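Two complexes, one shared chain (subunit A), two partners (subunit B, subunit C).
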Partner chain A sequence: MADTTGRAASATNEIEIKRLSKVFWQGDAAFRALDEVTIGIRSGEFFTLLGPSGCGKTTLLRLIAGFEQPSAGEVIINGRQVAGLGPNARPVNTVFQNYALFPHMTVADNIGFGLRMLGKSAAVVRETTGRMLELVRMEAMAARKPSEISGGQQQRVALARALAPQPRVLLLDEPLSALDLKLRKEMQSELKRLQTETGITFVFVTHDQHEALTMSDRIAVMSGGRILQSGSPADIYNHPAERFVADFIGDTNFLDVEIVAVNGRAADVRLPGGGTRRASLPEGLSPSAGTNVTIVIRPEHASITDEAADFEGTVEDAVFFGTDTHVHLRLPGESRFTLRRQNTGAGAVALPEGSRVGVRVAEGGIQVLRN
Partner chain B sequence: MAVTQHIAGQGAQPDAAEPPLAAERERNFWKWLLSLPALLILIFAASGPLLIVVVYSILTPAEYGGVVWEISGRAWFQVFFRRDIFDPDEVTLNWSHLSVFWRSVSLAFQTTVICAILGFPTAWFISTRPPGQREIWLLLITIPFWTNLVIRTFAIQEVIRNQGVVNSLLMNLNIIHSPIQMMYTDFAILIGMAYVFLPLMVLPVFAAMDKLDVRLLEAGYDLYASRWEVLRRIVFPLVRPGFIAGSILVFIPSIGSYVTPRLLGGGRNMMLSNLIELQFGQGRNWPLGAALALALLVIVLVALVFYLRTIGGDEEKRHG
Partner chain C sequence: MARARRNFSITALPGFASIAVLTFVLLYVPIATLVVFSFNEAASMSRWQGFSLQWYQAAFDNSQVREVSIRALWLAVTASAIATFAATLAALATTRTPKFPGQTMIYALVNQPLMVPEVVTGTALLIFFAGIKMQTGYTGMGYLVAAHSAFCIPFAYLPIRARLQTMDLTLERAAADLYANHFQTFRYVTLPLLLPGVLAGFMLGFVISLDTVVITEFVKSAGQDTLATYMLGQIRRTVTPEMNAIATLFLLLSAVVVVLFFILSRKRP
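Right, the complex of A and B next:
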């Protein structure tokens, strides 16, 4: 996979996924939910599986948890093959999308459930439950039933319940999707805090790119049962290797350009205005000069300039967004380009429709795509 | 009605705006009018006969059936006691009646337990089928309801009688050499009742299981519970209401069962309904029949109250 942040660290990988596949049968029709996925998740990191619904991220999580058994491939947790082991024999705990709190038990009994099942003494259960209640700030609700607390509180209880047995890995299946925006923001930092405090490896599933970018140490972007790219949030955002990744995360300009020269991990590409600029190449792609490729330029990596423009465009409109203005341009060859201008306050130049402006792309702001 | 008022009161509280009185009155009028047929049926078809039974139980039996309008406590005395034929002053417990009471309660209880034990896996099986198949299985469960009870009971006879399916099979396999007597025993009655009333347990238990969120079971496994622990700590507590409803639905018709003990128990292994029928028929002792019928009613009510108290108290303890 296109993991550029060092793969030599496999010795400290908490979870190793090797060529893992899962096929679901519906009558005679096979649905390949997971297609030969290989990835390593490091000990103590906040790892996010990001992708649209149906991309296989939840299936991967369920295979790690042990709710499903793989059709092919291996799952190794803490150096141990877990094939054939049920969820109750794996050192991982799950926070479910809709929390799945036991409705007939109190908050405290929910949190203590895992410990009781592990055969811990009543004193240990009580002590740990108390500590967990404190950790998620739910001490006052210990005697309540799940139906008697709010959605955000249920979320905290679900977290505490999964953390109480001190698993090596915590799996989180879109845990924030049922919360409203404000609560979600709150829980995002709460989750990050818990992860830092406990040092437990978090594997977090989401379809929300903002959640993924703000919380994760590393992200794996999934689509069609495969991991397209994995890396740090900045890496994924700044250097998307595939069109899907670039499109799924953030706003993007795609331009079709010609490779002029290849120079190691970089290439010179000819921009619409005719000038050439240095662009980064994705891992595993070494095109020869003269081939056509697609490049990605993030809107905030381009600026309007009077001199040394890379290319020129005609203003279609400029939309004011408060902190910045989105300028939509038409380039020669009928392609469109959007750039984002920071509104610094100091006499912003008006951009009347139809005016021609020069565009300069920041250094390192051009990324070649694999497809 | 108390319930209606309660609901109306709750609805009115938050927005404090009382609905116009006239409209309220008109709505109440229609409510009453619409429930009138049901009320009439309840009063005349249920409460009326019950009243007649109560009155008959304290009258004197007429010689050829019917009653003489003369108040007497004899019928109630006879339910529990008997006088010696030669020495009327010697009073003993009426063991023949008491054994019928005991058999009825005991068989009804056993039937309920058997139905619960068989009903749970059945309901579990159905609720874990894919959606399309579930309806088919439910339909299969309810098919016996479409068949006449007498015919179903005769079918059981065919299976357990001395030359029946079970005995022939065992004898042909040389496992036994003479047929096992199953007909005309309490065991036969038990099999018959369990067979007839099983769907009444399966359906409410299935309904409770159907509402069970599979993720709760997954959460249980995830938190290191074994299959047995998941069953005991998550599934059972959550399908309890289904078991309670099913137990009541099975116990009440079981204790009042008439056809099954009549056909499978023979003349000697009577249950309460058979004893009651005997008093109104050959026995020509209508007051005793009436008193026995009321005793049955009291047993059912006491059992029900006791059962719900225990369950309710238990619930209070776990939830409080």
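Right, the complex of A and C next:
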């Protein structure tokens, strides 16, 4: 893990980001858009930077692309320091949020642009452009101008244009945000297919948690210019380490509890009903017994039970969502709790307002937060 | 009250229509008269005696008219070409670089001819060039070219800058991302998209140069009359419909250029 093995690490990591910072100045006021970010992006993976607007994800992407130069820190692509290199000297291509297709060129000329700039022969440009058109299923539109094709088609052309020079890394800056829901779903699987077929490392920026969860091999959740947590979608979802991560991704119950005992990477915590349960600890946190921590329980990890309840609650209301029902409970001490029941059969028990029910949390469904 | 304000329209003001009509009459009746009498058979400016193209014939046969027309066109093309080139560079520098100290100052300097009265510019140029003439002995067209170029720069600069400001910066970023260097980005992306603005700037400069009397009058040496100063000189002596004919052709040329300018500057990618 030591930084001195940088050379060996970059053999598996396509991109190494080391203590990267970017400060923007507005008059005398400094805005720290990126704050000492360190992350490795593996070769051939679909890596997503997820966070709300202003969290620094686009800044990080631009620093990788070379549109901005860092205030401090390093960007290493394919084992090579790229500090000071312009975007035209980096083996990465970008799919822009607004596609940025050249309006005065045909679809085919747009796709061939990168190859022409690299000085490839006309035959290579023609052959690769044809292959790219086929890859994104746009053969019929080759001679059209960008203004003569639909938004979804423009998106495909932008992808083909960025893939044509066969970059080591493809950077995607919220490429699906301008599409309607149906088209977005289509393009999600299309993107995944392209990534698998080409084997190129994808770095995808989005604020949409569903997009991130369904498409990524790994996700880095960002806020305030820092990466709060990175890991597989399941890891991030099931084991959020910080309140922001738990809150930003999925629906969550937060409960303040007391640590009873610590046992390696797990801890026993006292639930509102008085009973103790085993909870996972986030990396780098070893609280001592008796301290108060916040835990998260996902709504679908809790169920209503008649026996062996962890705690009890009073039903405030139950909202029917078709496939499942969201049950809102009030717990002792005025905290609230939501659980999700799958509507598996027509015989689901009605839950009248004010009734008292027992709640059982599934094994491994409790996660302690760092803050 | 608020509702009335929202629906406020200047066309609803009393007298709007009559003022509008009066304005158009004042603007176009003199021009129409000029055009009509250029086809008059008689030499009179007030009595119509029948249709004739004789004054156009006279203008074409007048070697002096031919000479000053060619000089005016040559000067307009040369000066507006130089002005457009300089204006393009100025527009790129003021829109495509990070804000630098003195940028507002440069903007003011580029637009100086728009703000300073022409007589002042003319006098300044006269004195300045007189000094150079004494030192070098050169009395060629260079002075007029330099004066017209400088005067045309702001007119060329404005449409070019407007075009650059509305152009999406990510297009240039995308070009750089696709391995184009600075020159290639300009050559293959910025310039083709900027071309309508450049042409509009050129045409505006062309019309302004063709038209300007004051500066030319101050700067020209003997035998360097342009069409505009020649006409002024002629009208001072006698007024014949030959001038009407020349002015009508002049008007036609300006109209064509202005229409082209509007078509080009309205076109969006």
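Everything that follows uses one rule, which is that the second predicted complex is superposed on the first by the 359 of 371 C-alpha atoms of A that agree within 3 Å, B and C clash if a C-alpha of one lies under 4 Å from a C-alpha of the other, contacts with A are read in each partner's own complex, and residues count from 1 in each chain.
Rule of thumb we're sticking to: a residue touches a chain if its C-beta (ideal position, glycine included) is under 8 Å from a C-beta of that chain, and two chains touch if they have at least 3 such contacts.
No experiment lies behind these values; they were computed from the predicted model shown.
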Clash-or-fit label for the pair subunit B, subunit C on subunit A: clash
Between subunit B (first) and subunit C (second), which, if any, makes contact with A:A65: first, second, both or neither? both
A:P87 in the overlay: touching subunit B, subunit C, both, or neither? Say first, second, both or neither. both
Who does A:G284 touch here: subunit B (first), subunit C (second), both, or neither? neither
Figure out whether A:G114 sits in contact with subunit B (first) or subunit C (second), or with both, or with neither. both
I'd like to check the shared interface: which positions of subunit A are touched by both subunit B and subunit C across the two complexes? 65-67, 86-88, 92-94, 96, 98, 100-104, 113-114, 117-118, 161-162, 165
Spell out the residues on subunit A that touch subunit B in their complex, using ranges where they run on. 65-67, 86-88, 92-94, 96, 98, 100-104, 113-114, 117-118, 145, 161-162, 165
Within the complex, subunit C is touched by subunit A residues 65-67, 86-88, 92-94, 96, 98, 100-104, 113-114, 117-118, 147, 161-162, 165
Under the definition above, what is the set of subunit C residues touching subunit A in their complex? 168, 170-171, 173-181, 184, 188-189, 192-193, 269
Within their complex, state which residues of subunit B touch subunit A. 213, 215-216, 218-226, 229, 233-234, 237-238, 318-319
